[in-house]
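As C-alpha cells, the structure follows; a few thoughts come after it.
Each chain carries a letter (A, B, C and D) given by its place in the written order, and its residues are counted from 1.
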Amino acid sequence: MSTDRLRVALFGSGRIGQVHARNIAAHPGLDLAVIADPFLEGASRLADATGTTAVQSAEEAFSTPGLDAVVIGSPTNTHVQLIESAVGHGLAVLCEKPIDLDLPTVRACRERIAGSSVPIMLGFNRRFDPAFASVRQRLEAGEIGTLEQLTIISRDPAPAPVGYLTASGGIFRDMTIHDLDMARFFVPDIVEVSAHGSTLFSEEIRELGDYDTAVVTLRGARGELITITNSRHCAFGYDQRLEAFGSDGMLAAGNLTANPVRSYGASGTEQAGPYLPFFLERYQDAYRAELDAFATAIRTGTAPSPGFDDGMAALVLAEAATESAAAGKAVNVEGSW
Amino acid sequence: MSTDRLRVALFGSGRIGQVHARNIAAHPGLDLAVIADPFLEGASRLADATGTTAVQSAEEAFSTPGLDAVVIGSPTNTHVQLIESAVGHGLAVLCEKPIDLDLPTVRACRERIAGSSVPIMLGFNRRFDPAFASVRQRLEAGEIGTLEQLTIISRDPAPAPVGYLTASGGIFRDMTIHDLDMARFFVPDIVEVSAHGSTLFSEEIRELGDYDTAVVTLRGARGELITITNSRHCAFGYDQRLEAFGSDGMLAAGNLTANPVRSYGASGTEQAGPYLPFFLERYQDAYRAELDAFATAIRTGTAPSPGFDDGMAALVLAEAATESAAAGKAVNVEGSW
Amino acid sequence: MSTDRLRVALFGSGRIGQVHARNIAAHPGLDLAVIADPFLEGASRLADATGTTAVQSAEEAFSTPGLDAVVIGSPTNTHVQLIESAVGHGLAVLCEKPIDLDLPTVRACRERIAGSSVPIMLGFNRRFDPAFASVRQRLEAGEIGTLEQLTIISRDPAPAPVGYLTASGGIFRDMTIHDLDMARFFVPDIVEVSAHGSTLFSEEIRELGDYDTAVVTLRGARGELITITNSRHCAFGYDQRLEAFGSDGMLAAGNLTANPVRSYGASGTEQAGPYLPFFLERYQDAYRAELDAFATAIRTGTAPSPGFDDGMAALVLAEAATESAAAGKAVNVEGSW
Amino acid sequence: MSTDRLRVALFGSGRIGQVHARNIAAHPGLDLAVIADPFLEGASRLADATGTTAVQSAEEAFSTPGLDAVVIGSPTNTHVQLIESAVGHGLAVLCEKPIDLDLPTVRACRERIAGSSVPIMLGFNRRFDPAFASVRQRLEAGEIGTLEQLTIISRDPAPAPVGYLTASGGIFRDMTIHDLDMARFFVPDIVEVSAHGSTLFSEEIRELGDYDTAVVTLRGARGELITITNSRHCAFGYDQRLEAFGSDGMLAAGNLTANPVRSYGASGTEQAGPYLPFFLERYQDAYRAELDAFATAIRTGTAPSPGFDDGMAALVLAEAATESAAAGKAVNVEGSW
C-alpha cells in the first residue's frame, strides 16, 4: 500500500461510476488512478473531468501501477469476475450492489475468495445516509429502548426504462434489495420473509411478469416485525422514509427538500418544496460517507461494513421475497447464509 | 317515529356508553330516553349527569314509551341479542363493534333479521374522524388519482387489563378490526389477507397465546396493497395514522396534539406536545359525527353506513388474519361474505 | 346569587352575541335567562335557537328575575352604559373589548364604578386560546427561562366592511388591541410603544386615513422587546401566531387547520390545509374557556382576569400606538394607568 | 486575465479566511495563488492544507504573478486599504462585510475608486443561502403577489468574546448589518429606520454600552414594513429565519437541521434535532454559491451583486439604527446614499 494517498481504479463510467469518480477525485486520502470502461468514450470524458486516465479493458486497469483498491460500478454481470480479479491482485474492493442476480454464482464466488483477507465492501449506500445512520446510532444508544417494528417506505419517482427492467431480476432483486439491506442494518438476523406484489400502473412491467408495487414483511430473530412498502413510481418524487419504533419511543427519518422554504396560499399552507428527485441527489452525502468509510477501513485494517456477506444476505432475502410473492406464503430463511 | 326529536335508549354505561350518553344528550335532534345497564349504579350516575332515567334490564328499556332508536354500548356478548330485540321492536340500531366475536353467530343473526328494514349502523367510529374522512373524500374527488397503496399505523398507548384481553378474541378481532374496517372504508373489496403476529413486550399477552404486535397485509380486488401496523403499546401515546398513496399523489393523516405549540431548546427543536392520549380524546369529534350520521340516516330513511354487513366483513377479515398469522400463509377471502 | 345555575342576561345578538348565546346555553353551570337587542328579530331568532326569551330594551333585560350576571356583546358605544347599569344592579359583567374607543370615557366609567365589588371581566378571548395559554403557562413554569422577546403575528383574512371600519377607531384600537392585550398577558408592565402603519392594498382604508398594515414594538419594564405584526388581509386565512423567546429556549404557537391531513403532489409536498378561516372558528375553544373562567370567578369570588383595568390598559397602548405611528417616535406610557 | 483558471489571493487566515480558502481551492474555475496574513503561522497552516503558499504582507501578496482577483477576509480595519490596493492593481475584489465601521471612511474610499471599472463584490453571504435566495426568486416570479411585510429573525447562538465585541461597532453595525442587507435584498429602497435595543442577559455587553437584544423596523419606499429581531444568544442554536408576506401568500424560510430525523417519546413528539450551530455550518452552501457568483461575474464581465454600494447602504442603515435606538425616534434615510 502506498504510504500516501490510496490509489483507486474505478470500473464503470455510467451514472453511478460518475458519482464515484467525482467523490474519489475530491477525497483528500484517495487518488483516482484509472477509469475502465469498454465504452471508452464515456470513460475518457469522465477521466478528463476528474483529472485521470481512461482505459478500455479490466486488464489494463489492473496493470495500473501502485493500485491499492478498486471501486466497481460496472454492470451487475461483471461484478463477480472483477471482485475475483481484484482479490487476486490483492486490491481492496468497493462493489456496487448486487454482487450478482444469481445466488449460486454469488455463493461460488464466496468460496473462491474465502481464503483471502482482502477487504470487500458492498455499496449499500443508504447505510451511510445521515438520517438513517443517525436513527440507527440513536437506537443503538438506547434512546428508544428495544426495537420492535421498522417501517420502510421506498418509492422511485418513475420506472427505469424497460430495457433495464428486463435485466433487473425483478423488483425484489433490483429495488427492494436496498430496503432488505436497510432492514438488516437494523435487524441483521432475519428469519422469515413474506412478500406481495401487484402490477397497478405499468403495462410494460406487467408484460415482463414483474411487479410495479410491492409490500414485504420480515420477521427478525427476536420477533421484530419489519414492513417494506415499494412502488416503481411516485408522483411527488423520490420517497425514502424509515420509522424505527421501540419500546420507549420512535425515531423517524423523513424525506429531504432542496431548502427549508414553505409556502402559504389560498389553496393550502405550509407546503414544502418537491423532494430531492432521485438517488443521486438524495444520497449524495451517503455516497461520500460510504467512500470515506471504505478508505478508513483500508487504512485501519478493519473489516469494511457492509461486507460481501451482507451483499449475499440481501440477495437471499430478495430471492425469498420473490418466492414468497409467487407462492403466497411466508418463506423461512433461517440458516440460509 | 315521533315528529320531533328521536328518542334513544342507550345500552351500557361503561366508558363507551358514557361517550354516547353525553353525545346523545347534547345532540339537538335526539332525546336520551333511558339508559340500561345490569350494573344499575353506573347507569344511574350517568342518567343523573345526562338528565334521563336508568333501568337495569333490557326489557325495561325496550318498554320505554315512544322509542325510535337504540345505541348499543354494552359488552360484546350482548350485542346480537340486543340487535335482534331492537329489530323486533322496530327500533333503529347503532351498535358498537364487533357484532360478536363468533362469525357463525353473526351470520345467524344476519339471517334472523334479514327480512327487516330497520336501519342498523355499526360503530366504526374512525370512519367519522375528520382527518380520515377528509382523506377519503379527497381521494374520491380524484385529488391523488387511483389508490394504489394504503398504509395504516395504529398503536394503543398501553395494553388493556388482562381480564379484558382474555375475552377480547385476540388482537386481530379486538384491535385490528378497526383498521380492517378502515381498510374497507377505502377499499371495500378485499380479496386476500396475510397477517403476522409477535409477542415482544407483554408476558401476560404471551401467556394468553395472543400477540402484542402485528402486521397485516391486505390485497384489494384491483391489486391495491394495504398494510396495517399494530402495537398494543406506544411510548408516545395513541398513534393513529394513515397514508393513501395514489397514482397522482399522496394524502397523509397524522396524529393530533392538544394544541399547536412547539418547543425549542438545547436538546432539540420544533417539539410538538404529546399526542391525544387515547380514543376518547382522539375520536371525540368522530363519535359525535357518527351519532349525527345515525340520526340523519333515520330521518332521511337512507341506509346507515357502515352497516351490519360492514361489521360482518371486518370480522371475516379478522378471522382470516388470525388464521393467516397461525398458518404463515395468505388467506383468500373472496366470496366470504 | 342563586344556589344553582347562574342566570345570565346577554346583550347583543350579532356575530359575537351568537357565540356567547350558544356557549352559555351549553354551559352546565349557566342559564341563559334573556337576550336583549334593539333589533328584536335577531334576538328572537337566537332566543329560539337557545331556548330562552328575547327582549328589546336593556331595561327589560335587567328586570329579568333572578339574574346573576350579564354578558355584553352589543356595539362598542353601548358598553360603558351597560357596564354601569349592571354594576348598579349588582350583576357580574363579562364585556367584549373594547370598553370604549374614547379613553376619557373609559376613565370616567372607571371612577363611577370604583366603589363596587362587582366582578368585571373583559372579553380578551385570546388569553383563553389553548395554544397561547399553554405557552404562557409553560413560560411561567420556567421551561424557557426568562422571557426576552415576544413575537406576535396577527393578520385578518380580509378587511371588515367599510361601514364597520369607519366606526372602528382605527387599526390600533380595533385590531391591534387584541395583540396589545396578548403582549400584556405575557408582559403586563409595558413602558414604551412605537408603531408604524402603512396602507398597501386598500384604497377604502386609505380614504379613511387608516392603515391596512402595521407593526408595533413594545418595551417591557425589564427591557423585554415585543413585536406585533398586523395586516388587514391574508391570502392564506387567519394568521394568528406567537413566539415567546426566553433565555433557555422558545415556545411557538402556530396556526390551526381543520384536520391534520397533509398532501403531496408534483407541485409540492407536506401541504397542510387552509387555516381555520376566522376568529369564530379559531377561537371557538377560547370563547368557551373564557366563559367558563367567568363562571368560575363568580362562583369562587375571585377577581376575574382579564379585568376592567386590563381593558383600559390595552386602550392606553392602542392610543399610544396611534400617536406613535403619526409622530414617528416612541411614546412613553409609564404611569399612564 | 489568465485564459484558464482565475488566480486568487486571499487576505486573512482566520475563521472566515479558512472558509474562503477551502472553497477557492475546491472551485474548478479558481486557483488559490497565495494566502496573506501578518500572523504567518496561521496562513502557513492554511496554505499547507489547501496546497498554496503563505506570505506575511499584503505587498508580497499583490506581487504574486498572474493574479486576477482578491478575496478579503482580514480584520475590518484593513478592508478599505486592501480594496484600494486591489483596485490599483486592477484585481477584482470580494470583500467581507463591513467595508468599514466608519461611514465617512467608506464614502472616501468610494470616491477614490470611483473611476475604476474593477468589479467589487461585498460578502453578504446570506443572499446566497439557498432558502433565502429561493424565497426572493419565487417572490420575483410573482408567486405571492406584491411584497407587503418582511419578518427577519436572526439570533446568534452565543455572544462573541468581549474583545471582539469591543471593536465591533455595536450590534447594529456588527450583527444587524447582515439583516439590513437581507432587507435590502428584498426591498432595496429603504426610507426609514426605527430601532430598539435592550440589554437583557450580558453584563459585559451592558458595560460596553451596547445591546444584546434588538428590534429594527424598516419602511420601504412603497410602504413595505420590515421587522428584524435580533439576539446575541439563543439556547436552541443559530436562529435564522425569514418570512416574506405578500398580497397573494407567504413564503417562509425556516432553520436547518443536520438531518430530517424526528423523535417521539413520553415527553413530546416530532422533535427535530438541534439547528446547525452557527454560520460556518448554516451558510456553508451560501459561501460556496457566493464565491461562484464572484467567479461568474468576473468571467462574464457583469457587475457583481451585492456590490460596494450595497455594502455602504447596509452601513448607512446600521448607523441610522444606532441613532434611532439612542434617540427613540424614526430616522429618515432617503437620499442617504
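In this text, a residue touches a chain if its C-beta (ideal position, glycine included) is under 8 Å from a C-beta of that chain, and two chains touch if they have at least 3 such contacts.
Here the structure is a predicted model, which means the values were calculated and not measured.
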item	value
Distance-maximising chain from chain D - centres being C-alpha averages	B
Pair exhibiting more inter-chain C-beta contacts, C-D or B-C	C-D
Chain centre separation (chain B, chain C; CA means) in Å	40
Centre-of-Cα separation between chain C and chain A, whole angstrom	58
Chain D: positions in contact with at least two other chains	144, 235-236, 248-250, 255, 263-266, 273
Residue ranges of chain B touching chain A (in the complex, touch as defined)	144-146, 148-149, 151, 153, 155, 192, 194, 196, 198-201, 213-215, 217, 219, 222-225, 227, 229, 231, 233-236, 245-250, 328-330
In the complex, chain D residues that touch chain B	235-237, 255, 257, 263-275
Touching residues on chain B, where the partner in the complex is chain C	26, 130-131, 134-135, 138, 143-144, 248-256, 258-266, 273
